[in-house]
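Consider the two complexes below, in which subunit A is the common component and subunit B and subunit C are the respective partners.
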Partner chain A sequence: MSVTTLSSPALAQRQPNWIVRLFDYKPFLIAMCLAPALGLLAVFLTYPLGLGVWLAFTDTTIGRRGIFVGLENFQYLLTDPLWWNAVFYSVFYTAIATFGKFALGFWLALLLNNHFPFKSVLRAIVLLPWIVPTVLSALAFWWIYDPQFSIISYLLVDVLHWRSSNIDFLGSPWPARFSLIAANIWRGIPFVAISLLAGLQTISPSLYEAAMLDGASAWQRFRYITFPMMMPILAIVMTFSIIFTFTDFQLVYAITRGGPVNSTHLLATLAFQRGIAGGELGEGAAIAVSMIPFLVFATLFSYFGLARRKWQQGEAND
Partner chain B sequence: MTDAVAQGSSVTKAAPDTMAWDSGLRRLMMIYLPLGCFVLILLFPFYWMAITSFKPNAELMNYKDHNPFWISSPTLAHIKHLLFDTAYPRWLKTTMLVAIGSTTLSLIASTLAAYAIERLRFRGSPYVGLGIYLAYLVPPSILFIPLATVVVQFGLFDSPLALILVYPTFLVPFCTWLLIGYFKSIPYELEECALVDGATRLQILRRITLPLAVPGLISAGIFSFTLSWNEFIYALAFIQSGANKTVPVAILTELVTGDVYQWGALMAGSLLGSLPVAIFYSLFVDYYVSSLTGAVKE
Partner chain C sequence: MRNDITRRDALALGLSAATLAATGAAAQTSNIRAADVPAPKRDIEKGASLRMLRPVRFVQADEDVFRANAAKFTKDTGVEVKVDFVGWEDINQQTAVTSNSGAGPDIIIGFSDAPHIYIDKLIELTDVADYLGKRYGGWLPLAQRYGKKNKSEAWIGLPFGATAGPLIYRKSVLQSVGFALGNAKGDGNGFANWALWSHNASLLDEEGNVTINSKETIAALNWVKELYPTFIAGTPSWNDVSNNRAYSSQEISLTANGVSLYFSLKNDPATKAIAEDSEHQLLPKGLAKVSPMAGLTLNAMVFKHSPYPNAAKAFLQYMMEKDQYEPWLNANSGYWSQPLAAYAEAAVWSQDPKVRLFKDTMNSTYYDGYKGPISTATGAVSADYVLIQMCASVATGAATPEAAAAEAEQRCKRYFRRQK
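On to the complex of A and B.
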């Protein structure tokens, strides 16, 4: 602070240009620096968020300004079996996919944390499913799940002779639900693995040495060193993963579009179908707003994860 | 098999912190085998995508006479169909324009914001930072319906400009957090020296802070580029006409026609749509990894 006051007079002497002086005036400079980012976020994020909540209480359709109808949209949703179905599948999808992603991703991170040749190449390959546009890899899964020419069915029926008929992946509700979850896990593993690997690499090896000297087994080292040390980063990555799995849209839209018989609708795809495709903006917005309580819950989870990190590490670290 | 074992034991010797009980066979079973399975499963959809796009239709639909894992007579017909019979080059151009435009916009906005939050240090700057972080937690799925009405109000419906303006909503929070981390790592003393020497704040940003933050800017830039290339829901909701669509949306909505899916063309489209980001990715792998992990650690 004192530095600024010291330098300003010197500057004013040398450069009498008022524009330069204005840009060196701190409050103005701060405002100028924050304006583009906050402006963009206010117009295209905060305002639509508020507008979305407002739309949820109106009966707006495409091309017609709606009027305020109170809780009517939500009352309707509560009696709508499709909405309940979407809530159920969103929660189910998030729960199973998150569990799968973290179990497999953590395992992969532990594997990648070993010493072996071509490690960086392998790490690059592992991240590939996350880099490629989700819709395009979803199309590949659609083709893999083809009822007639599925390569998995071919392997099981013609090569291994484990089954006598092709698997109908997307034709009936439960197989379709699990097929989508499998595709989501496939796509989520890289992000989880690489993030957790970064966390693993920050754990000091001396902790493991000390535990080995005390005679801790491999499982004990994992349970009492790796796992507690990974808790903070696990909490953050998991919050992100839960939020973006719960609000997932692309995979379901690309592979099943909510079918068969609306059994695989997530809240986001249902909102799209009603709001944009069907033109009922008010109702679509209500469906989208109904996701918010779940997201708030996940964010609070993240907040407490962060608080825990500060408490754990003290102030010496970071 | 023996190769891997030999490799494993040589690594054991080379790395002193590997445990003594870590015999070669154990390493093979516990590390290389599961790793191999992971890589196989993670890469298989891409292999399948690639191989399908070069297969003639006769082979695609006949697993009895042709081994489905290989191509007996590769063909470029699907690629040719995609490049010359569809608007693919047009979609590619639009996507490129949108990705570059939104990346540039977000980089400028987030560099300035990160500099203000981390270096200009005003009262409440941590709260502004927290607010921007919270913006990252708002998923596009709850925003696209009201955003569609906003885009219509602004008269930007069906225009790539809408996407350029809307993508920063998820790019700016990410880039700002990444850059705050980078600015933190640059010693503040450098700026103080410059201030004492009579440099203005903007000169400091341009001559000292930005050149030192170049790795962070590259990370943020390529990451934003990839995210905007892959974005789907906004592009689907805001763009109507076939010519203005982005690659991911166009391949799903324009190539899926009728009841019989043209799997060859679809997979060729997916392959060509993925290749630009994949190539980009292969050039900047380390930046991706560092930005991904950096953002998480922040």
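On to the complex of A and C.
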């Protein structure tokens, strides 16, 4: 007996009760730990996304349950000039705006990377356009572009007398398209600039010192040190930027609502216009789903095109 | 439960006038003649309470009087009524959710075509409408159109009032004009409809066939093209508030708008002079028989899911009786115009002569989707700006009238593909 009493605590430790054993069982533990996350993803991500994709294959309207119609919505979209128009402008908008954001954002990041007084304050101020809610900045631009009350027209016509009539920013297709792109660039620069600034600060100064000892010019230092070292972060930031730009909604909807005569519809605004305002939920969902291939392509392009260079894995660049 | 009878409810409606006279709530002298028609017998369910949604007010007095009337109803019948005021942009979505989920408010006052969209989910209000029609000189044409089921005498909605957008112009100045050609739901569609209807063109024929691609439409579009050079620059990007701003800042001296523009000018000391120099005029008829304006109509619906349909009907009927309706109409100072002929004598229409023409808003025989049956698709066509974009593309020279009409036809046919 004395032997058993002595060894019983040790025995209990070696043979814990079933609940402890259950939680020590690895597959169960994994399932338990993942369950909350999977549940959240299923409820708030998979379900809405799945529902959206499902709707795209039905003819649901607001106030009426739809039936499965297969690819009918997509077939119609292929014959719909407004959809093609939106595809064209979405791609155009994304391409020009992303280029503008990166050119100006990179430039701004290089400037901010220098030493100057009030550096931190200035860096914080640069973020402002990005912090302001998009709808607010969209409203501001709406006024800036207003056909009658534009501040730009006012300056050019009434103050400087350079023009005799107001600029019609949003009244005809091409000026409206470029006006929206300008607003998007203005809004997107801070994100690019601050992200790239973070990347710039990770580049070791010793590289520049070595280059300068070798007599490299400023351009050469940028071309052969800064730019290659920035490639990975450029790829990530560009991926995000393309996604944000391609799926942009608020700026366009608040400033032009897709007008004049549908010339500035992005796929996102067209989807909303058809799905919610027009009540054709199925067709709206189909337009939204039609964005997915473009987004996948853009993401793959910037990711593989920019990030997976051999030299980054220590091999020669061919 | 539903068949339980309480004593007070059947009496409540018939007695409401008497109780009000006694409390002196309607002390204001009334010119409204009400025929002596027996009210339909109706047993309000025991323990009934109602929840309703309606669009937000134009003027504070609208909400105050509406709430006071609802409170009076509660006092008279014991039925609790909770009224929620919803933004104009949201009311359609909330109606859709209410109707699809079969839960929520018992009554919703929506806009023009809403009862026709949710027709399967609503109870008929024919007894209420018949009684009110007989008592107050009959329903005006626009009210009949939006209230009644297509090609039927059954009422599915109960119109409360309408507001339209006639011309507003300056008496002393004539410079440029401006009509919204951008994606403007109210003003843009108002202009496009005017252009079409005044040339005898229409979206649909009586049977609901899409007839937008017609020679009348081409004529209307050619007229728009001729008119466009007189417009101020930028109208293709105008939304619903742009013409208000341009008129208020004296950039234009003629546009089409609801009465709200006049009131905002009149109530602001800085622009009072503009209001004094302004006058309203019905949209010119062209080939149409009456001025072709479709008033935006408040249209009440009672849902089948309501456990207290009789209480809901009694409430709507009570609100339309002159002791409640007349003060409410007057409180709105002209923003809303009556659906029942007898209310044309209300005091509001003799106060400001510049507002008087809104009195006839519901006399119009034109409506959104003229001259076909009202449906989901007619609403979708105006919400998707199909007609206004047709006009704008011709005005700006982006398309020929023929091409624009053909494109509009294609888009309309898509919307109407399930309507028949």
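Annotations for the structure displayed:
As a convention for this text, the second predicted complex is superposed on the first by the 260 of 318 C-alpha atoms of A that agree within 3 Å, B and C clash if a C-alpha of one lies under 4 Å from a C-alpha of the other, contacts with A are read in each partner's own complex, and residues count from 1 in each chain.
Simple rule for what comes next: a residue touches a chain if its C-beta (ideal position, glycine included) is under 8 Å from a C-beta of that chain, and two chains touch if they have at least 3 such contacts.
Nothing here was measured: the structure is a model prediction, and the numbers come from that model.
In the superposition on chain A, A:F149 makes contact with both subunit B and subunit C. In the superposition on chain A, A:N262 contacts subunit C only, with no contact to subunit B. Contacts of A:Y47 after superposition: subunit B is touched, whereas subunit C is not reached. Applying the stated contact rule after C-alpha superposition, one finds that A:I292 touches subunit B and leaves subunit C untouched. Contacts of A:R163 after superposition on the shared chain: neither subunit B nor subunit C is touched. By the touch criterion defined above, A:L108 lies against subunit B but remains apart from subunit C after alignment on the C-alpha atoms of chain A.
A simple residue count on subunit A separates subunit B from subunit C, and the partner touching more is B.
In the superposed model, A:F272 makes contact with subunit B only, not with subunit C. Residues 146, 149, 276 of subunit A lie in contact with subunit B in one complex and with subunit C in the other. In the complex of the two chains, the subunit B residues touching subunit A come out as 7-8, 11, 14-15, 17-19, 31-32, 34-35, 38-39, 41-43, 45-46, 48-49, 52, 60-61, 63, 68, 105, 108-110, 112-113, 115-117, 120, 122, 128, 132, 134-135, 137-150, 165-166, 168-169, 172-173, 176, 192, 195-196, 198, 200-202, 226, 229-230, 232-233, 236-237, 247-249, 251-252, 263, 266-267, 269-270, 273-274, 277-278, 281-282, 285, 288-289, 292-293, 296-297. Those residues of subunit A lying in contact with subunit C across their complex are 59, 61-65, 76, 81-82, 145-149, 165-166, 168-173, 176, 256-262, 273-274, 276-280. Chain contact summary for the complex, subunit C toward subunit A: residues 92-93, 96, 99-100, 117-118, 181-183, 232-239, 242, 245-246, 249, 251, 376, 379-380, 383-385, 389, 392-393, 396, 398, 407, 411, 414-415, 418. Contact residues of subunit A toward subunit B in the complex are 3-4, 6-7, 10-11, 14-15, 20, 23-24, 26-27, 29-30, 32-34, 36-38, 40-41, 43-45, 47-49, 51-52, 55, 60, 104, 107-108, 111-112, 114-117, 120, 122-129, 131-137, 139-141, 143-144, 146, 149, 151, 154, 158, 186, 189-191, 194-195, 197-199, 205, 212, 233, 236-237, 239-240, 243-244, 247-250, 253-254, 267-268, 271-272, 275-276, 281, 284-285, 288-289, 291-292, 295, 299, 302.
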